[in-house]
């Protein structure tokens, strides 16, 4: 598998991201589940909205991180969560980094540092994107439950799905989601 | 139809954008066509890539414009191109603006000026997003033709689908797409 | 957008109506929602069944009205209900009429008066078709709720969805639907 | 399997017709093929259009025949054409008639004579519906070929797919279809 | 419809089995229902697992029976259960046998005795496959109910769906399924 | 992720295999691509047919290998081929083996040796299943190309897709496929 030679190669490859359904929903019986592309746009929307409400966040860089954070899946696939138990520690992370380097080769200078920042997760921007990645998951879980599609209750029982990244605004949104879930209609 | 009261209302409403298929592809027989959400993410990717190659572009603001540019469709629908011949001049534009105001009410201060800028189309950022909106269309047309789905040749004959916004980098990409179309396999 | 020149043009264009899903169901998360074509056939069935039970109805003309009543959507789209709040009063109605004139040009003499009668809604036949248009909606809502797909409860709260057109047989069917909804299994 | 007791039972049962894809298209790889309901509406449209151009046709009765002609499939299924080679002569026909009697029981007086007339195929109205049943098939084949979906060439080689019912207007439309197939784009 | 001439013809024809959805699920509103192919693989898995736990079963032959037991549906279709009330007694059985003979012609010597054994249902192997055919049905019903898709309760009320074939291990699995159905989450 | 405790746990988990589309087809734009379950059944059919034509093959054991060979994908996913370039050598293989051990725990004694035999690929039975795994791939590629769905030509250029396992009957079938591809209609 070679690195993309041009912007156009990269752009064509990225189109296929629309056809990759999110495996967590597929395996739990959601009909017509969201694609990785759709997930990513919603994360961007969250980052843009919440970033502006958090002091000290560089919203622009956070959006750039969100924009590319799942692109590796076009070569690696959207591995189900269970898969991580079976690969050596760090293998998935390294595979994604290597795939990212090849996919994003035509814009390596700008893109790879963003991805590296996301993987390390130490800057506020990276933490915000990681929190929004799960916030988007739980938003969609809430919507799918309202629509009556899929067996999704276990998502609510997993504390890993509720990282607030240390941001009050994220924590409040998770709490609002829990309340919304219990609400009628 | 009322304005959204909270970020959470806005976020829930935006989820349905994933279920709105792009009407231009639906009506031409594309199987499993992209959603409005997917379209939007690809426009963001283009804006981020090309914006950095154009002098004087504020990539951040261009990304923000792209992020929200099609949100009105969750209340208006993705009207087929033919519909514009039957509505009074400007009616669709005004309907979208009014819908945007209600959808984006919880972030009105930041979001509505972006949308207004997009509609007026006079800043370089707005022109870039408009160009990328069509560039994304033609990228997907090229991909769908390669996949053998849909009767899409008329898209290539419509000059409105090739706006370069005055940017050489966009024009080059359109030309590369035309060449790619003619290439084997 | 030009008027159809021949029966064959009209017939080809009408095929695409099968690919337009009903937006009210799409936006509420129904999986594999009915198409506009499917909706229309069920309205025809209702009109044929109920029309014969109402004194003074010309069932034939009512069926003809039903046959064509949603054809404009192939050029206008199936606009979500919310869209009507954002277009000028009457704009959608006029757009549909103009689209109908172009779509049905090869059979204009027979078809356009039928559509005009439907829009004015004053004859018993037009009122029956309008009532059956909603009766079909609520029948499908009941079926989808039984199937467990979509978040559809708000349809039951909207009085506009229960027009009886002044016909007892329609009113009875709406009442039977409400009872059926509450029934087990 | 019992007969329907009420109009409402019949109406509920008929909803499932939307979920039955036409087997001839399914088996030849068409993506998202039309449903039996969609087929039926297009037959109605054809009957209404062509019937008015044929002297001596009772368009109303022809439309009624078309309306119900495939309803038995909700209990029998849309058997693939190949199945008829394996059932005893007349078995499918009798099964459909018996299913029709149960499905349409609440409107038996009006509906069953229509279906019987269709099966016997001797009146001009029955012949017209039978011709339009195939005309609709070949219209859809033409559209699917243009859309690039399915391996459908054998439909053109089967003379049974081109019955003109003795009507010049039908014959002309079949010829126009053949020409359209050969035309570019 | 002629018999397959070669292995390759048979193999090509069998591919279409993937596109035939199981009619019992289609008619009850299951979204994205399993195909006949998928059903068959699950029956094989059951037969392989349970066969080894039943004394005197030739697991190999039972697997072969399961492998081919539904192949006739590629020519006959997956007739809904209701259809059997409308065909003459034995007609469906004979149609399937005749279709099997044509489909499996290139491997007739090995395959047809397996199918005949299945139809007669007197050997322990045939009884096991028949039991697993229903066990698979009820497993999928349980899964679909958990996923919230389709109106499936009537499957639980039909004693024909719980044949144990005289095997304790099958009976236990049916009982475990009933318990699982009642269990939370 | 824990090992399955009972047959029933295993059986439930296996149902989700139906929802995992084959990634090679997804990424190349095939509409409604086959599932892993469907792939597996076709491999079984091939093994059963070809095994009987090869001297010295234990068809029974080969079928058992085929039955379970892809079950790990329900926990690992159907990783796209490109992913193997990014994981450490052997990582995917070890992950699958570990996942298999957990999935198949209730039948470990019978199942795990079969999988190990498949991975080592030294017995004639394992070689036959591996050959049929690719034969099935190319059969489906041929069918999808005939149906006009997906951009699949590169499959024909990859020699890894044509392993004959040293069996003349497999080699002949690959050659017949290549000829069939070039044949009209």
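When the chains are written out, they are named A, B, C, D, E and F in that same order, and each has its own residue count from 1.
Assume a residue touches a chain if its C-beta (ideal position, glycine included) is under 8 Å from a C-beta of that chain, and two chains touch if they have at least 3 such contacts.
These figures come from a predicted structure and were not determined experimentally.
*Asks:* Would you mind checking the shortest number of contact hops between chain C and chain F?
*Replies:* Contact-graph shortest path, chain C to chain F, evaluates to 2.
*Asks:* Quick check for the class: compute each chain's Cα centroid; which one is farthest from the centroid of chain F?
*Replies:* C
*Asks:* State the superposition rotation angle between the two copies chain A and chain C, fitting on C-alpha atoms only and giving a multiple of 5 degrees from 0 to 180.
*Replies:* Copies differ by a rotation of 120 degrees.
*Asks:* Which chain has its C-alpha centroid farthest away from the centroid of chain B?
*Replies:* Max centre-to-centre separation from chain B belongs to E.
*Asks:* Counting in whole Å, what is the centre-to-centre distance of chain D and chain E, each centre being its mean C-alpha position?
*Replies:* Those two chain centres are 30 Å apart.
*Asks:* Distance between chain B and chain D based on Cα centroids, please, to the nearest Å.
*Replies:* Their C-alpha centroids are separated by 40 Å.
*Asks:* How many angstrom between the C-alpha centroids of chain D and chain C?
*Replies:* About 22 Å separates the centre of chain C from that of chain D.
*Asks:* Averaging over Cα atoms per chain, report the distance between chain A and chain D in Å.
*Replies:* 48
*Asks:* Send over the residues of chain E in touch with two or more other chains.
*Replies:* Those would be 19, 28-29, 31-32, 143, 148-149.
*Asks:* Which pairs of chains touch each other?
*Replies:* Every pair of chains in contact is listed here: A-B, A-C, A-E, A-F, B-C, B-D, B-F, C-D, C-E, D-E, D-F, E-F.
*Asks:* Which chain B residues qualify as touching chain F in the complex?
*Replies:* Going through chain B, the ones touching chain F are 31-32, 143-144, 146-149, 185.
*Asks:* If you look only at chain E, which of its residues touch chain D in the complex?
*Replies:* Per the stated touch rule, the residues are 1, 16, 19-21, 23, 26-29, 74-80, 82-83, 85-88, 91, 94-96, 98-99.
*Asks:* Touching residues of chain E toward chain C in the complex: what are they?
*Replies:* Listed in rising order, the residues of chain E that touch chain C are 28-32, 148-151, 153-154.
*Asks:* Residue numbers of chain D touching chain C in their complex, please.
*Replies:* Residues in contact with chain C: 6-8, 10-12, 14-15, 18-19, 32, 34-35, 37-38, 40-42, 44-46, 48-49, 52, 59-60, 63-64, 67, 107, 110, 139-140, 142-143, 173, 176-177, 180.
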